[in-house]
Every structure is written in structure tokens, then in C-alpha cells.
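You will see two complexes here that share chain A, one where it goes with chain B and one where it goes with chain C.
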Partner chain A sequence: MTRPILLIDDLNTAFKVGGEWRNVIRDVSFEIAERETVAVVGESGSGKSVTAMSIMRLLGPNARSTGRIEFEGQDLLSLPMEAMQTIRGNRIGMIFQEPMTSLNPVLKIGNQITEVLMQHRGMDQAAARAEAVRLLDRVRIPSAEARLNEYPLSFSGGMRQRVVIAIALACEPKLLIADEPTTALDVTIQAQILELIKTLQQEEGMSVLFITHDMGVVAEISDRTVVMYRGDIVEADTTKRIFRDAAHPYTRALLSAVPQLGSMAGEPRPLRFPIVDMRTGEAQPVKQTADTVRAEEAPILQVEHLVTRFPVRKGLLQRTVGNIHAVEDVSFEVRKGETLSLVGESGCGKSTTGRSIIRLTELTSGSVSISGRDVASASKSELADIRRDAQMIFQDPFESLNPRMRVGDAIAEPMITHGLVKRSDAQQRVGALLEQVGLSQAMADRFPHEFSGGQRQRVCIARALALDPKLIVADESVSALDVSIKAQVINLMLDLQEQLGLGYLFISHDMAVVERISHRVAVMYLGEIVEIGPRQAVFENPQHPYTRKLMSAVPIADPTRRRARTISTDEIRSPYHDAGYAPAARQYQEISAGHFVQMQAVEKAA
Partner chain B sequence: MSNPHELSTSVHAGTETIAAKPAMSPLKRTLIALLHNRLALVGLIITGILLLAAVLAPVLAPQDPYDLAQLDIMDGRLAPGGESMTGLTYWLGTDTQGRDLVSAIMYGLRTSILVGLVSAAVALVIGTSIGLFSAYAGGRIDAVLMRIVDIQLSFPSILIALIFLAILGQGVDKIIIALVVTQWAYYARTVRGSALVESKRAYIEAARSMALPDRSIIFRHMLPNCLPPLIVVATMRIAYAIMLEATLSFLGIGLPVTEPSLGLLISNGFEYILSGDYWISFFPGITLLLLIVGINLIGDALRDILNPRREG
Partner chain C sequence: MSSYLLSRFIQTIVTLFVMSLLVFVGLYLVGNPVDVLLSSSATPAERLEVIQAFGLDRPVWEQYFVFLAKALTGDLGNSFVFNQPALDLILQRMPATLELAFVALMMALILGIPLGIYAGLKPNSAVSKSIMTFSILGFSLPTFWIGLIMIMVFSVQLGWLPASGRGQTVDLFGVPVSFLTWDGLSHLLLPAFNLALFKISLVIRLTRAGVMEVMQLDFVRFARAKGMPESRILRVHVLKNTLIPLITVIGLELGSLIAFAVVTETIFAWPGMGKLIIDSIAVLDRPVVLAYLMITVIMFSVINLVVDILYSVVDPRVRLEGGSR
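This part shows the complex of A and B:
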């Protein structure tokens, strides 16, 4: 075997915190061979990004690395900073998570690329421009030449990430470090970028170090995988072997918590995640969920022809020149004990639908009724009453808790305001709620910043339960959580559904999680429901082209099921229309009992 | 929690890493941080001493500078360290009326600080209420209120104060009113800015989705989170109010001679500076300077400490 491109030996990195050196990664050793893709995977705080930053020596004066990082036979750690400059961006390219912030917003795309070419490769203006066009072509940006003169603002997130990749490729690096490059992107765009990186790697003969938290992405892209946990490498092996028979308990715990699209085939009801103990590696048997759906009772949430549009105003008189059609003619219902998932990509109107239901956003037309009471026409006091029945859990648990309020007070406040408990009994009830969500009574005195992410989301769930609701609107409630925590919170939600007969409107972009948790699924695209039906029907027999596209884009956490895709450059279309635009009435076709698919109208829907 | 599965989830929730900080109230945290900042400590000491001198003036001051029976015109314009007919030492000298300057400065501080604090407090309450209301109401109400603030801020404060004092006349209450009128807009602008940011955050949405009354959303949720920038502005504004009052008094349109502030003391000695009796203006001036610098040092440190980007 030839010498590896990158060899890391006993790398330790410490940060100076309050005058003390604290080790963040310990004895990290691995290597990347030529034309190989190695994934470093771990949850937040595992040290995976610090490892990448240490290699590039981008950590600043408050960090210290020891050990050996050998790149093409040179020890990077002992190089002077100036020499490092010539390696950075030249021999080693880097892509970051946020394509919005890694491009300068006030410089034209073309200039940002030619700048690198002129500086590092000594090209003149004309040659650099020609090369820039070639690079944009390589990352499959359509009509590259014309787009050179545009600013990053006019590029979508996926397109921006392509530009960042083009810049990283500008100097024909031997190694590409990609730090969560697809995390901020939609799933169909993520699939495009992953495919692009794979193809480019073969075309350019690079090695790739891929940092990610997503086991699905790992299975899609990497030859070998390094699993990190709290600063240590717990396991490193070929990707196939890691997925087939992981040796370390942590790896097994992580893998068991990863939802896999398609793993629910034949399951009639939602399924809990198996929880594997991180120390012993023992798996708890998964308890089946009970049949919680009360089909015979009247639905707790009924949405009919819901439309929410946001006017776009312009000019001196603020005339409405057009509308964002965030939600268009959406109808569905949720029964007691049932989970209906709204799934779709960013901008498809799923969150707006959730917010319109409890009128956090005013609806334009249509009707929403919760427990038989109409939301759209409710007065302020009636609305307050209705909102008791329908509670919301938001994406970011830290943002949705008042940072200056003890969590006990935060949970007690709605109960006291609505007169559900007396002030003197509140504490006891808060304690009971905290225990119900798997926390302890004593935690009521803490402030939100004293909890971890998963615990905070439990606090938010406890607060939502405080008003004894019948319906919970969960807007991307588990999306920001680490995999293993996500699995636990989903299990908790399933437990609570069993105990309390809650109805969930589960809003998510994550197809695999949706498959796990839902009774019924509605797929949204451009503000409309394109397909709705029982989970099994939608997932096992998807009818609408968009549903199929969405499902094929989901990375599958199984390296043996890799699919070859063609690199498309499709983008998500804009829901903006000029004022006076009236969307055509949609027709739905019933495929099987309760499974409806939007008919292809004259206008193409996807 | 009877089933074993439930137990396992709760055990796992317990093993997550959490910030191992003891629960400390934000106030206590700020105070401790303030004491660890060297410049802030200097500011705190200066301001503390001056504040103490002002509060305890009736007890500590060698004489009551405004009790005419205690003054002797023969002691007029004594240099610092000079002795009176009765054997008393005037460490900072005396003014034209034979007033001990140490005592005069202590009493002057009293008035200056009182006017500064009261006007800042009243302006804070009014400005904060208007700012919060403006941000929460939004739309046309917000636009109208903020245009008023704009207009107010586009005039120099001293001009507005002059106009008001010309209409109202002299007196402690009058100057407080004038200072409030010139200051409230700063608070309104600051609070409205941070309240707008806060009102877009998810916890306010969460509060709305739980159907909490507007009153408790504004005062229990929004206000506490708008406090940090407000506290910083308030400290700086107190210093500014004291300075503005001194300026007005110096110009002779602020406080009546019966309740002299530092500004008036400076003004009293002004005409003697050129004839060599510098101390009558100089020492009140130094005191004013120390007070303003002291408060500003605290304000600067608070701005650093309360900067949300620094909060862990």
C-alpha cells in the first residue's frame, strides 16, 4: 500500500478555559489513503470539528495541539504559519457547514473564485476567468458564464454550497475537508451535493475527510469511518463493517438510534427506537406501541381549505404587488391518539400550516376547528380557551424557553394564568410533570442554560402538557437534537401518546423519523398537500412524483444499499405569485382507503 | 413511571452532559463580574465615595454652607488650607461668601446626584413603557411613536432643556421635568430595539401559543430580557443628566441659588479664576469630573459584561 495522504498520530488538542488547559480531543489517530473518503462521525461535543480544525491549524491562540499530523510526508504541526498558508486552500481544500457565511456577500461570485486562482495559481485575469467558468461547470452550475457576475444573494443554499466547493477545488487540492457540508441543506439538495462530492472525488483523484453527525450520510459516502465520542475515537473501521457489526457499545447505541427509511415496511403502528446502553452495549427489547387512534370519535383537529398568504408590498404606497402562497387549500384532520406528520422541504409551508392552526399566523381563508371550536372566527378570549387544547413545541428548545425564568416557573405560569391550579399547588403539579417527561422534581429551580439540549426539549414538552392539551403541534421538535437524544425524545412522545391519548401534528423534514412515528402522513410541496394517507400506504406505495423524489433523496444508513443517482440541479421553486393569481382548484385521486394523491394539473406540480 | 422502558429513558436523560454551573441569579453574576473588572472597581469606589459623601453631607460636612449664621464674610476667598477666624481649617478654601468649599461640594453633590438619579429614573420608566408598548403593538402605533422619538432626538438636548426651563422657570422639580423630557426618547429607542428582537424569538411565540395575557408577556417575558442594554444606557444617561444639569446651572438657568449644585458652584467661582482664586471653580469641577468618570467606568464595564455574545 502506498503512503497515506494524511496521517494523524496521537493528536491531542486542548483549549484554554479560564486559565486552565482542557483536553478536547485525546489521542486521535487515523489515516487517509489516496482517493479514499474517510468519515469522522459523532454527536455534538464529540470533537469531530475540532479534529478538522486542528488539521488546518485554524483554532487560534487559545488552543494547543500536540502529536503528529503528517500531510504528504510533512508534519503540519511543526510548520511555521506562513508555510501553513500555502498548504491551506492550496493542497487542502475546505468546505464548511454554512454556505451563507462562507461566501462574502458583497463580492461577485466570479471575483471570489478568480481571486483564489490569481493568488494561489498565479493566473492572469483572463485565464482565471476562463478557469472559473470551468470550475462552476464542474460543480454543475447551469449557465456558469452568466452567473459569474452575480452576487451570492441570488444563489440558493445548494447553489452557494456548489460555489464553495468550486472555490475549494480551485487549486486542485489533494485533500478535501468537508465539515458538515450538507447539514444546513434540504434533503433533495443534500443528495445532489453528496453525489457531486462523490463524482468530483473520482474525477479529481482527491481524498476526502468528511465530518458529519448523520449516519445516513456516512453510509452513502465514506469508505472508512471513524466514530468519535466525547473527544475519543471509539471505533474506526471500514464503513461496511461498522454498519454490519460494530464492536463498541457506543457505536451500536448510535446506530440503533438512527431511523432508517424503509425499515418500517409491514409495521402497522409507530415503533419506538430500541435504546442500547452506551456502556454495556445491551439492547432493551422494544415495546410495541398500543393502538391509540380513536377513529370512532370526532377529530380533535379539522382543517378545511386552509389558505395562508403573505402579501409582498412595494413602493411608496405599499401596494400589494404579489403574495407568498405559503399554504394553499390544505385540508386534513387529526384524531385523538393519532399522529399526522406534515413532511416537506424548507419553504413548503408545513410550519406555516402549524402556526396558522393556532393562529400564531393569521390565516387568509378556510376553516380550522379544534375540538369542534372554530379558530378562524374566535375572539381573543375564545382563542385563549382554544389554545389550551392545542399546544405547540418548537424546534429550538433553548430559544423557546425564557432564559431569565426558572423552568419551574415557566411550566407553572400557563397553569396559573388559566386557573387550572392554585398558586400553592403549582409546585407539586410542576414536579409531577417533570417526572412524567423523565426529569426530576428538583430541576424546577434551574434556569434553561443549566440543561442539555435533550433535557430542555423535555422541559418544553412538560410545559406543553401543563395545560392538559388534546393536540400537540410539534414543529421540527426533534430536528435540532443529536441522534441518540432524538430517539429518546421520540420514545417519550410515543409514551405520552399512549398514556394521555394525545393527537400529534408532527411537522418535520426528516422522512425517516416521520416513518417511525406517524399513523398518517401528508407530503407538502409549495404550500399544497401533494399526497396524504396512512403511513404504510404513502411510504410503501408512493404515487406522487415529488414524494418519490423526496424518498429517493434520503440517505440510507446502510452502505450495502447505496444507490447511484444522477446529479440533478433541480431547485425548490418559489411560492411567490403576482397579485391576482388564483391557483387552479386541485383534484385528488383516492388510490386506496384514505390515500389521496394530487392529480397532475395542467400546471406541473413537481 | 412503572414500566422499565420509561425508566431507561429517564436514566439516559440524566447522563447527558449539562453545564455544571450552580444556579446563580443574573444579578449576582453581574455583580461578581463587575468586582473582577479592575476599571469597574475603580469606578465603583469613586462613585461609592462620592455617593456616601452626598448622602452623609449633613453629618460629615464641617459646616452647613447655607446657614448664613455659620458663614463669615471675613473668611471670603481663603486659599486651600487657610484658617478661619474661629480656627477652623478650610482644606479646599472658601468662596466669596466665606463658605467652606468641602461642605459646599458635599451639598452640591447631593443636589446633582438627586437630580440625575430622579430624572433618569422617571425617564427610564416612561421611556421603557413607551418602547415596550411600541414594539409590542407594532404597525402604525409603532411608526408614530418612533417618529416622535426621531424628532426629539434630532434636537440637541440642551436646547430642549433650555426651552422648557424658559417656560417652566427655575426649581429642582422644573429641572427634573426638563431632564426627563430630554432623556426619555433614548430609553424608548433602546428598549424598542431590543424588544423587537425579543418579540421575534421563539419563547415569546411559545408564550403567545399558551395564551398568556399580553400584560404578562410584556412585563414577565419581554422586559427582563430587554434589561441588559437598558441598564447600560441608564448608567450612561445618569452621568449625562448630571452633566446637563451642571451645564444648565452653570448658565444660570438651572437651579436657584438656594439649592446650589456642582454646576452652580463652578459658575460662582468662574469670574475669579483669572484673578488667581482658581479653587472656587476648580474643586467642584474636579468633583464633577470624578463623578462622571466613575459612573462611565461602571457603565463601560456593564456593557461588556451584559453583552449577550459574552454570555455562556
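This part shows the complex of A and C:
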């Protein structure tokens, strides 16, 4: 076997916290061979990003690394800074998670590419520009030459990530370090970027160190996998073996919590995640979910022809020149005990739909009724009353709790304002609610920062439950959580549905989670529902091309089921139209009972 | 862009109108200028004559409309005291104030930005801490006191610099300026530094905060990962992003430097507009006060416009749009 490109031996990195050095990663050792892709996977706080940053020595003066990092025979840790600068961006390229912030907003794209070429390859301005065009071509950015003079703001997230990749690969590095490069991207764009990285790797013959939390991505891309947990490597092996028979209990726990698209085939009802004990590796048996849907009762939420548009104004007189058609002619209903998922990519209008339903965003037209009461025409006081029945849980549990309010008060607040309980009885009720969501009564006196992300989301759920709602609108409520925490919160939501007969409107971009939790699914694209129906029907027999595209883009957490894809540069289209645009009336075709698909409208020739 | 300029122009006109109305009514309420201007020995006949000459016998709204009508032709009225056009009086004094303000601004930028960058890059070093202490002093010590101390130290005791006046001036494009002669420059140094002190502190703090914030951003980390040397990261990536918030504040501060140089001008007997306006307020010389404030408003508007245009040049994310502001 030839020498590895990168050899990490006993790497320890410590951060200075309050005058003390605290180890963040301990005794990390692994190696990357030529042309090999190694994934480092772990949840937040596992030290996977710190490992990547330690290799590049980007952690700054508050961090200290010891051990050996040997790259092409050189020990990176003992190199002087100037020598390190000739390696960074030259021999080792790096991509970060956030394409929206990785590029300098006030510098033209072209300059951000050429500066690397001029720095490392000694090119002059003209040669560097020519090379930059070639690089943008290689990452499949259309009309590359013209785009060099644009600023990052005119690029979408996926396109920016391509630019970042072009910069990272500008000097033909031997190693590419990709730190969560697709986490912030939509799933179809993620598929494009993964495919691009794979293709470029073959063309260039480089090695890739891929940092991710997503087991699906790992299975898709890596040859070998290193699993990290709280700063330690718990397991390292070929990806196939990790997925087939992981040795370490943590790896097994992690894998069992990963929702797998297609794993629900034949299941009529939502299914809880098996929770595996992180120490023993023992799995608890999964409790079957009861049939909670009350099909015979009137629906608790009925949405008919909902339209929400945001006007775009311009000019001296602020005339409306166009509209963003965020939600266009959307109709559905949710019954007691039923989960309807709205799934789609960013900008498809799923969140706006959720907000319009309880009028956090004013709707343009259409009707919404919750428990038979009309939302669109409700007065302010009526609306407050209606909202008791429909509560919302948001994506970010860090931002949706007031940091200066004890969580007990946060949960009690809606009950007291609605006059449901007296201040004196509130405490007892808060305690009961906390227990219901799997926390303890004693936690009521704590502040939000004393909780972990998953616990905070439980607090948010408890707060939503405080008013005994019939419907909960969960807007990407589990998206920000680590995979094992996500599984627990979803199990909790299923428990609560059984106990309380809640209806959920579950808004998510994550197809695999949606498959797990829903009774029915609606796929949204450009503000419209393109396909809606029972979960089994939609997932096992997808009809609309967009639904199919979405599903084929989801990475599957199984290295034996890798798919070859072609690299497209399709972007998610904008729902903006000029004023006066009247969308064509959509026809739906019923495929099977309750499974409707939007008929392919023939685009009108302008 | 043209609709943007038009809307800004209309905004300025409206501001001018509202301001003139407020000042007119305000001054009318404060008192009668005739009482201040005439000596107590004046006869009732003389008094009546003056009142009629100034048009003060007519109702206030009529006076205001007369003023408006004249203002539209560019005539802001004659000073009650000097009996010269108010505008001319102010324009005569303006170059001195402008020069003082611009030199103070230059000092603020030339000293403030490098010190701020240093303090932002090495926030924990002893030098940075001294810079920050200095900036606190600059903020908190009253201008007049520092002015007096500076006169005592540099003029009275050391005798290095003159204490008052403007010194020798030469004409540059027909405008008298003092920074081109040694004598003028020596007269300019103390008052300009006195005026600049507060702004230096402000620029230091803003630059430091900006640098510290930008250094944390992803694109700086990415630039490091690209192998860019620190000097280039600072020059290209950090500085431009830091300047953006600075431009807005500096624009506003330039306006306030010009309009409120009063204290410094008084201490150093600088023959600028500030001195004139203080005197005019004291004797309720309405035309001068009005003219001064109108020029100030126009100046603020122009500076703000320049700032906004500069902003859109520096920051591609900002596009100038008509109306929506």
C-alpha cells in the first residue's frame, strides 16, 4: 500500500475556556489514502468540525493542537504560518457549510477566484481570469464569463457553493476537506453538489475528507467512515461494514435513528423510531402506533383555495409591479388525530401556508376554517380564540423561547392570558405539561439556556400543548435537531397524538422524516400542491415528476444502494410574477382513493 | 436612480418647509426682536417705524407667506442687525467653518481608522487598551474644557501655537483658505483637533467594533482556508466590509461638525458661522437664523445623499430605490 496522503496520529485539540485548556478532541487518529473519500460523521459537539479545522490550523489563538498531522510527508502542526499559507487553498482545499456566508459579499466573484490563483500559482490578472472562467465551467456554472463580474448576492445557495468549490479546487489540491458542504442546501441541490464533488474527485484524482452529520450522505459518498462522539473516535471502518454491522453501540444507536426513505413500504400507519441505548447497543422494541385518525368526524382544519401573495412595490408612487405568489390555490384538510405533511424545498410556500392558516401572515384570498370557525374573516378577539385550537411550533428552539423568561413562565403565559387557569394553579399545570413531554417538574424554574436543543424543543411543545389545542402546526420543528434527538422528539409527537388525538400539520423539507410521521402527504412546488394523498400512495406510487425528482434526490443511508445521477444545474424557480398575472386554474386527477396529482398544465405560449 | 434622486429632492423640500415653519413660529413666540434691538431711549415713533420696516406689524401667517414668496426667489431677507442680506452674511462666514470641519474630519479618519483597526485586531494588547481609554476620555471630557486646557498648554505655557483667530489666508478658487500658509495652519491646528477629538473617539470605536465583527465572519475564515496572507485578508476582505457602517456615521457626523462647531469657534475666536448664529439667536435676528438653518438642512440632505450613493458603490447589496426608505 502506498503512503497515505493524510495521516493523523494522536491529534488532541484543546480550547482555552476561562483560563483553562479544555480538550475538545482526544487522541484522534486516522488516515486518508490517495483518491480515497473518508467521511467523519457525528452529531453536534462530536468534534468533527474541530478535527477539520485543526488540520487546516484555522482555529485561532484560543486553540491548541498536539499530535501529528502528516500531509504529503510534512508535519502540518510544526510548520511556520507562512509555510502553512502555501498549503492552504493550494495543496489542501476546503469548503464550508454555509455557502451564503463563505463568500465576501462586497467582492466580485471573479476577484475571489483569481486571488487564489495569483497567490498560489503566480498567475497575472489576465491568466487568472481565463483560468477562473474555466473553473466556473468545470463546476457547471452556466455563462461563466459574464458571471465573474457579479457579486455573491446574485447567486443562489447552490450556485454559491459551486463557486466555493471552484475556489477550493482552483490549485488542483491533493486533498479536499468538505465541512458539511451540503447541509444548508435543498435536497435536489444537495444531490447536484454531491454528484459534482464525486465527479471532480475522479477527474482530479484527489482525496476527500467529508465532514457530515448525515448518514445518508455518508452512505452515498464515502469509502471509509470515521464515527466521532463527544471528541473521541468510537469507530472507524469501511462504510459498507459500518452500515452492515457496526461494532460500537453508539454507531448502532445513530444508525437506528436515521430515517430511511423507503423503509416504510407496506406500513399503513406512522411508525416510531427504535431507540437504541448508547451504552449497551440494545434496541427497545418499537411500540406500534394506534390508528388515531378520526375520519368520521368533521375535519379540524379545512383549507380551500388559499392564496397568499406578497406584493413587490417599486418607483416613486410605490406601485405594485408584481407579486410573489407564495401560496397559490392550495386546498386540503386535516382531521382529528391525523398528520398531514407539507413537503417541498425552500421557497415552495410550505411555511407561508402554515403561517397563513393561523393568520400570522395575512392571506390574500381563500378560506381557512379551524374547528368549523372561519379564520379569514375573524376579528382580532375571535382570532385569539381560534388560535387556542391551533398552536405552532417553530424550527429554532433557541429563538422561539425568550431567553430571560423561566420556561415555567413561558409555558404558563398563554394559559394565563387566555384566562384558562388562575395564576396559583398554573404551576401545577406546568408541571404536568413538562412531564407529558418527558421533562421533569423541577425544570420549570430554569432558563432556556440551561437546556439542550432537544429539551428546548420539548419545552416549545409543552407550551403549545398548554392551551389544549386540537391542531399543531409544526414548521420544520425537528430540522435543527441532531438525528438521535430528532428521533426522540418525533416519538414524543406520535405519543402525544395517541394520547390527545392531536392533528398535525407537519411542515418539512425532509422526505424521510415525513415518510415516518405522516398519514397523508402534500408535495408543494412553487406555491402549489402538485401531489397530495395517503402517505403510502404518494411514496410508493409517486406520479408528479417533481415528487419523483425530490425522492430520487434524497440520499439513502445504505451504501449498497448508491445511485448514479446526472449533474443538472436546475435551479429552484422563483414564484415571482408581474402584476396582473393570473395563474391558470389547476386540474387534479385522482389516481387512487384520496391520491390527487396536478395535471401537467401546458405552458401557455406568451 | 433618477426616481431615487427625485424622491430625495422632494423629501428635502418638505423638510425645508416644515423646518422653516417651526422656526418662524418658534421665534415669533420667543419674543419681539424690536425690544432687543432698540435702545430703551427710542421714541414710540422710531419704534413704529422699525416695526413697519421689518414688516412685524402684520399677522404672523402673513409674515410667513411674505418670507416664503421671497425665499422662492432666493431672497431670505435682510438681517435685522446688519441690514445686509442674511444669505450673504452666512456665505461669508461659511468657508472658515467648512475648512475647520473638514480638517477635523480628516483628523478623525486618519487617526481613528488605523487606531481602530489595531484595537480590533489585538483587542487584548496593552496598546489597544490604552487606545480605548483615550477614546473614553475623548467621549466624556467636555469640548470647551479640553479647548481651554489646550490653549493653556500649547499657547500660553509652551507658546507653540496661537490661541485664537484664523491667521493668514490665501484664496483657493476664490475661497479664502488657511491651510496653505504656515501661519494659517498653525492657527487651524488647535481648534481642528479640539473639534475632532470626539469624532476620533467615535471612529476608533466604530472601526474596532467593525473589525472585530468582520474577523469572525465565515468569509474571513474561508479566505484563510484559501491560503491568503493576513495582510491581504485585512486589506481586501475586512476593510471594505468595515467601512460600510462607518460611511453612514461619518456622513452624519460631518453635518454635525459643520452645524455645531459653535463651541470650538467661540473658544478659539474662529470667525465661522457658529459665532454668527449664536449672536443672531441672542438678538432674535430671524432672517439670519432662518437662513442658517435652511443652509444646514440643505447641507445635511446633500451629505446624506452622497453617503447613500457612496454606500451603494461600496456595498453591492444596496440598490437605490425610489421612495421606499
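Miscellaneous remarks
Here is the rule we use: the second predicted complex is superposed on the first by the 603 of 606 C-alpha atoms of A that agree within 3 Å, B and C clash if a C-alpha of one lies under 4 Å from a C-alpha of the other, contacts with A are read in each partner's own complex, and residues count from 1 in each chain.
To be clear about the criterion, a contact is a pair of C-beta atoms (placed from the backbone, for glycine too) under 8 Å apart; a residue touches a chain by one contact, two chains touch by 3 or more.
A quick note: this is a predicted structure, and the numbers were derived from the prediction, not measured.
Overlay on chain A: chain B and chain C fit together in the combined arrangement.
In the superposition on chain A, contact of A:Gln85 is made with chain C only, not with chain B.
When the two structures are aligned on the shared chain, A:Thr37 is found in touch with neither chain B nor chain C.
By the touch criterion stated above, A:Ser400 is placed in contact with chain B alone, chain C being left untouched. Within the superposed three-chain model, A:Gln119 lies in touch with chain C and out of touch with chain B [touch as defined at top]. Using the contact criterion defined above for the overlaid structures, shared-chain residue A:Asp445 touches chain B, although it does not reach chain C. When both complexes are overlaid on chain A, the residue A:Phe96 reaches chain C alone and has no touch with chain B. Once the two complexes are laid over each other on the shared chain, residue contacts for A:Val164 go to chain C alone; chain B is not touched. Using CA centres, the angle subtended at chain A by chain B and chain C is 30 degrees, rounded to a multiple of 10.
Of the two partners, chain B and chain C, it is B that touches more residues of chain A.
Annotation: superposed on chain A, chain B and chain C show a minimal Cα-Cα gap of 6 Å. Comparing the two interfaces of chain A, the one with chain B and the one with chain C have no residue in common.
Of all residues in chain A, only 45, 230, 272, 275, 278, 284, 287, 358, 360, 383-385, 387-388, 391-392, 394-396, 399-406, 413-414, 417-418, 435, 438-440, 445-447, 449-455, 458, 460, 463, 467, 484-485, 488, 491-492, 495 touch chain B in the complex they form.
Residue ranges on chain A touching chain C, taken from their complex, read 56, 58, 82, 85-90, 93-94, 96, 98, 101-107, 115-116, 119-120, 151, 153, 164, 167-168, 313-318. Chain B makes touch with chain A in their complex at residues 1, 3-6, 8-10, 12-19, 21, 23, 26, 201-203, 205-213, 216, 220-221, 224-225, 312. Residues 3, 6-7, 217-219, 221-229, 232, 236-237, 240-241, 244, 314-317, 321-324 of chain C are the ones touching chain A in the complex.
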